[in-house]
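There are two complexes below, and they share chain A, which is joined by chain B in the first and by chain C in the second.
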Partner chain A sequence: MSARTDAKSIWAARGAGSSTAYRLATLTPVLVLVAVFTLFPFAFAAVTSTRQMLLTLPDQTPFIGLQNYVDVLRDASTQNAIRNSLVFTLLTVPCVTVLGLAVALLLNQQIRGFGILRALVLLPWAIPLVSAGIIWRLLLHGDFGALNGLLLQLGAVHGYVPWLSSPSTAMYSVVVAHIWREFPLPAILFLAGLQLIPGEVVDASRVDGAGVWARFRNITLPYLKAPLLIVLIYETMISVSVFDLVYVLTGGGPGSSTTLFAWDAYATTFTFLNLGQGAALSFIMAAFLLVLIVAYLRIVRVDEGEA
Partner chain B sequence: MRQSRLSKAALAACGVLLALVILLPFLWALSASLQTELALFRRPPNWTPNPPSLENYLYVFTGQVPHAYAARGLLRSPITQEARLLPIGLMNSLEVALSVVALNLLLGTLASYTFARERFRGREAAYVFILGSRLLPAMAVAIPIFLIIKTLDLLDTKLGLVLIYSAFTLPFTIWVLTLYFRSLPKDIEEAALVDGCNRLGALRHVVLPLAAPGLAAIAAFSFLFSYDEFVFALLITSSTASKTVPVMIAAISVNPDASYTLIAVGIVVSVLVPIGLAIVFRRFITSGLVASMGRT
Partner chain C sequence: MASLDELVSSVFDGRVGRREFVRRAVLAGISAPAALAFLEACSQGNQANTGGPVHLQFMVWSYEVQTIQDNIKNFEKNDKNVTVTVQDTSWNTYHDTMATKFTTGAAPDVAYSSDHWLREWVAANWIVPLDKYAPDLASQKSEWAPYALQGMTLDNHVYGLPYYADLVIFIYNDKLIRQAGFSKPPANWEEVATQAKALKDKGISQYPIDIPMKKDDPWTIEIFYSMVYSRGGHLFDQGNNPVFNAAGGEAEQALQWLRDAYTSKILDPAVLESAEPDVVKTMGAGQHAFTVLAKYNLAELNLGQHDQKGNFKMALMPGSSNSTVGFVRFYALSKAAADRKHAQAADQFLQYFGGKTNGQYVVAKRWALDKGLGFAQLPLYDDPEIQKAINAWGNVDLEKQQAKVAAPKEGLTPWWGTWDVYAREQIGSALAGSTSPKQALQNMATKWQSLKH
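Then we have the complex of A and B:
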């Protein structure tokens, strides 16, 4: 008891530099930076979104209440973007999660050479998203894409298919590129979860004659519950806000078939120069993501409490 | 025994498949970058460069125009002047990324140590605020941040990028480092404090050496984030004064007149640094990711 009090007094001693000034000095720079670039933009977007703000009319920015929100939500292009983002998210999140889990289960096997594989798996995630997108542009391009070359050589197609510029395949092209880029993160998280499963538990169930599927359902999955929730929420956030890939792969087209929500907000602001509506769109997106963030923090913090 | 050997073989086959899925796209970019434009347009293309040629790289780094482009004719490809800016972009990217790493190591360490060891009013609120903000994707606040940077008169400056990237990486850094510092035993620090070290002394001489793996992880993360980032770089940079690699290669790749072999060169140049970093820092990145995504 007394040892503990001693320790406390050591930590509290002013001579040790533990003062309000010290705390302020160490925390203020970070808090200011973070506030200026997250809290302030959030508020800024909220205010801008209630004004009519066109870059073409920079001197007239009247307050128009929620008109921008009404306008963008009524706008067919926003509705299209929401629909596209929904389709994109529903396609990518389950695929990324299942693929990540499969890769983690594979990498968890003790097989010679898999050490290298665990390093390789980081690569699609480590490179710039733009580079990943351009790599897939080289693979899927309608004039010289490697996939077309391969399919032609195998006799599967008679001519080159414009995967990126045909409305029926453009979305799937972006989806495939996104999955290739995103699966490493879930794989790493699931792998870490798998490595926490005690070997004895698995051995015991094997002795008891549990089949592969039963072992997976009753032992593996419960251990992976926390990472699974985190991956689902995190990947949803990533899919909802995807932008870079669209920029280099399709530019939102052809037509508006790959215009995802973030692209729509970007185009509204920087192509149509309507800052008010652009801010409304980005505020809608930020608010939606904030809900996911709160859910995420709750899971992580509850999880931390249990540990 | 037989069956287990069989299933091992099946698993190994899956492993090979995974390696191919990861590597083939990279290898195709590499192969394309070593070919001439004409060879790339064959249907099907040459899968391996025959013979490999460094002319595209020479053009980017020295300005020497490749022979294939000198030949006039219908199939002569346009050449992309922008590709010549790549070396400048690479320097900009490295400068920005290393500055962000330095700021993270300095400010992040100090703040995390305070969060890990001090008790004071508002600590929890400040912590949650910082943690929550780390998850906000760039695009959601990109437009207002563009306007803020414009107001601060920092458009088209590396400093503008450094500030934005620091604001986006510091929360992550603080999350990882606070958890890391908390996991270190207090006794040694207390001994140092008794011996007359002040708070900063204990941090420098005792805590930081012990936390080296955590520091390596956050250095790698903040570097990769800054090096890879595209949305802000696209919005606030406009000239070689601050354009980074992703902005340059994106501009080349969406330019309908661009030569495809030069696009491939752009890919190779842009991925070399992150790939090297990911391989060298693999262990730190993996453990940092796992720690930062919650106790999985």
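Then we have the complex of A and C:
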């Protein structure tokens, strides 16, 4: 096919693209998919959240306005779950970010064998969350956990520690497991950012006598601003909505000490069979996540503008 | 739609192939997937109506799935008209998984269920009475243990066919208590604490007592009920009003006992992360001497691959009344199966699994012989093969004695399942010291009242 024919085909395609029929034909499937898989469930959940919808009372589903929202926000279990989620988020997001950055800085060194290490570092992230939860449960179990065996042999503890049975250590255990599972993604994002820093800038700063800390503060950190913001917001969203790990590791216990917001929404819906309140909780969480997403999009846009 | 119906008939008559059916349906303005789905739906209905092979979906919790599959294979050998696919999920997540399946239109035809959830599942219209849809199965109820029948009956309708029925029992390691100088098992909870302390002091066991108390393990509540019953107490009155929150009552004593055992470190500090299989493992390894579990675990402990195999015995539940929980797990027929017109096929299938085949309870007997599962079908107690098998790991006479004072769970209402989850959380909080036993019981009573209204 000649270049002239190619150009003709492109023009023909462009002509077709401007017709209403072509636009409708291409847009309709997408709109239908969005309507079926996004708008309908969203609308259904919105309606559900305004009704008394207990599965044990399938024939009594009156409209109750915002009562479900009021009830869940007044409920002590939800308040406890919100508190736990805040603590969890405040502990995990900085740790995941700092650890990810530290690993990225390490992997950015030109050392033989680090290529394999870069691939290996992604392993925890590649493991499904449920599997990660099972691995950590076996590691931490108070009767036969491998970590206890190791600590006992090293003489660090005198007996097996029930990491997941004590309210004070259970939350930290979930936090550690979450950090282990999450840090690889930020590490790879930061590593990508680090590799974009021009070598001559770093060399020039060295010639000018800048130390490690000065180079990190004045060169590395500014170049990592965009991935850093993305990591902070993404990891906050993940921490707020984490569910799988709690599901496998602690089931929200002991007591309610590791009951996080997403777990509370799940339990309300599928354990307590209260679809109305479960939908209300999901909407509250979605609203919070929406704020984060809007902030994320604004930041990314600002960043693009600056570039 | 009339033309589509004609098309469907022509497919079943063999006049039109599936490909041609879809082509004609599309020409008639129906999308290909919709046409295929319609054909599939019609084919199911057709199979059910004409007595052709019907495919049943069977949902179970993950216990000996290979044995279940083998039982299904044996059933299918005898009955060519029904095929069965089994799907399993863990016991701890079974309730929530089933709630999801029932509400999202993925309901199985037949499913394991429990007296825990009977009222909830009936209220949600997920299961149907067997006496209406499979009356021949329900007619066998005269041979079932009364507590099992009670656990499957609601408003005079029988909703299940027994899968197994068993007791929550007290299990001890005879070798370990003899090492500590005791010649007989403890008769009450104070003696349990005394013997446990002696075992701990003599270095025989660091934590002599282990009981599954993991929040998502449904056994927790049945064990707590048993500990209250054995003290002669109740959790609810006959009107289903809570009595467990009575100051100084048996429930408070039981919870305070657990808390004291936890703080004095005779109870394994890992109980709040230990589910039933964890406890069986650590008991079998000789880490602990006393536990409370469903009776079939005694068979596993004495016959399975465990270091302490053969050293375990059952004792009457310690306390003044020795009472305990008798429970039933059963096969339930889903409403979806009835709607799909699969009730007759399910009846045939359940007849093999929970009823009689050639006058024998084939599957219930196999469970009892192979795994030590208890049974609701009382004539099995007279079977010499079963008597011999039980005595190999347990004690038929003691089992009968314990069964005589067993009682079903009190307070079973449509909201009991919800309350149970909350109650387990409160029991865990009291054990961990986040709240006092008295306050935990009060919270449980308040929750009950709020759910009731």
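FYI, the second predicted complex is superposed on the first by the 267 of 307 C-alpha atoms of A that agree within 3 Å, B and C clash if a C-alpha of one lies under 4 Å from a C-alpha of the other, contacts with A are read in each partner's own complex, and residues count from 1 in each chain.
As a convention for this text, contacts are C-beta pairs under 8 Å (C-beta built on N, C-alpha and C of every residue); 3 or more make two chains touch, one makes a residue touch a chain.
Everything quoted here is computed from the prediction, not taken from an experiment.
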Discussion item. Which partner chains sit in contact with A:Val176 here, chain B, chain C, both or neither? Use first/second/both/neither.
Written reply: neither
Discussion item. Tell me which partner touches more residues of chain A in the superposed arrangement, chain B or chain C.
Written reply: B
Item to complete: Go through the superposed model and pick first if A:Tyr160 touches only chain B, second if only chain C, both, or neither.
Response: both
Worksheet item: So, A:Ala280: does it touch chain B (first), chain C (second), both, or neither?
Response: neither
Discussion item. According to the stated criteria, A:Leu101 is in contact with first (chain B), second (chain C), both, or neither; which is it?
Written reply: neither
Fill in: Contacts of A:Ile111 with chain B and chain C, given as first, second, both or neither
first
Worksheet item: Which of the two partners, first being chain B and second being chain C, lies in contact with A:Thr271: first, second, both, or neither?
Response: second
Discussion item. Between chain B and chain C, whom does A:Leu150 touch in the aligned arrangement: first, second, both, or neither?
Written reply: first
Practice prompt. In the overlay, answer first, second, both or neither for which of chain B and chain C A:Gly251 touches.
Written response: both
Worksheet item: What residues on chain A does chain C touch that chain B touches too?
Response: 137, 141, 143-144, 160, 251, 266, 270, 275
Worksheet entry | Touch list for chain A against partner chain B, complex | 7, 10-11, 13, 15-18, 20, 22-23, 25-27, 29-31, 33-34, 36-42, 44-45, 48, 103, 106, 109, 111, 113-114, 116-131, 133-139, 141, 143-144, 146, 148-150, 152-153, 160, 180, 185, 188-189, 192-193, 196, 226-227, 230, 234, 237-238, 240-241, 243-244, 247-248, 251, 262, 265-266, 269-270, 275, 278-279, 282, 285-286, 289-290, 292-294, 296-297, 299-300, 303-304, 307
Fill in: In the complex with chain C, residue positions of chain A that touch it
55-58, 137, 141-144, 159-160, 162-167, 250-257, 266-267, 270-275
Worksheet, complete the sentence: Within the complex, chain A is touched by chain B residues 8, 11-12, 14-15, 18-19, 21-23, 25-26, 28-29, 32, 40-41, 43-45, 47, 107-108, 110-111, 113-115, 117-118, 120, 126, 128-133, 135-145, 147-148, 163-164, 166-168, 170-171, 174, 186, 190, 193-194, 197-200, 202, 224, 227-231, 234-235, 245-246, 249-250, 253-254, 260, 263-264, 266-267, 270-271, 274-275, 277-279, 282, 285-286, 289-290, 293-296
Discussion item. Residue numbers of chain C touching chain A in their complex, please.
Written reply: 92, 95-96, 99-100, 103, 120, 123-125, 206, 210, 214-216, 268-274, 278, 281-282, 287, 414-415, 417-418, 421, 425-426, 428-429, 431-432, 434-435
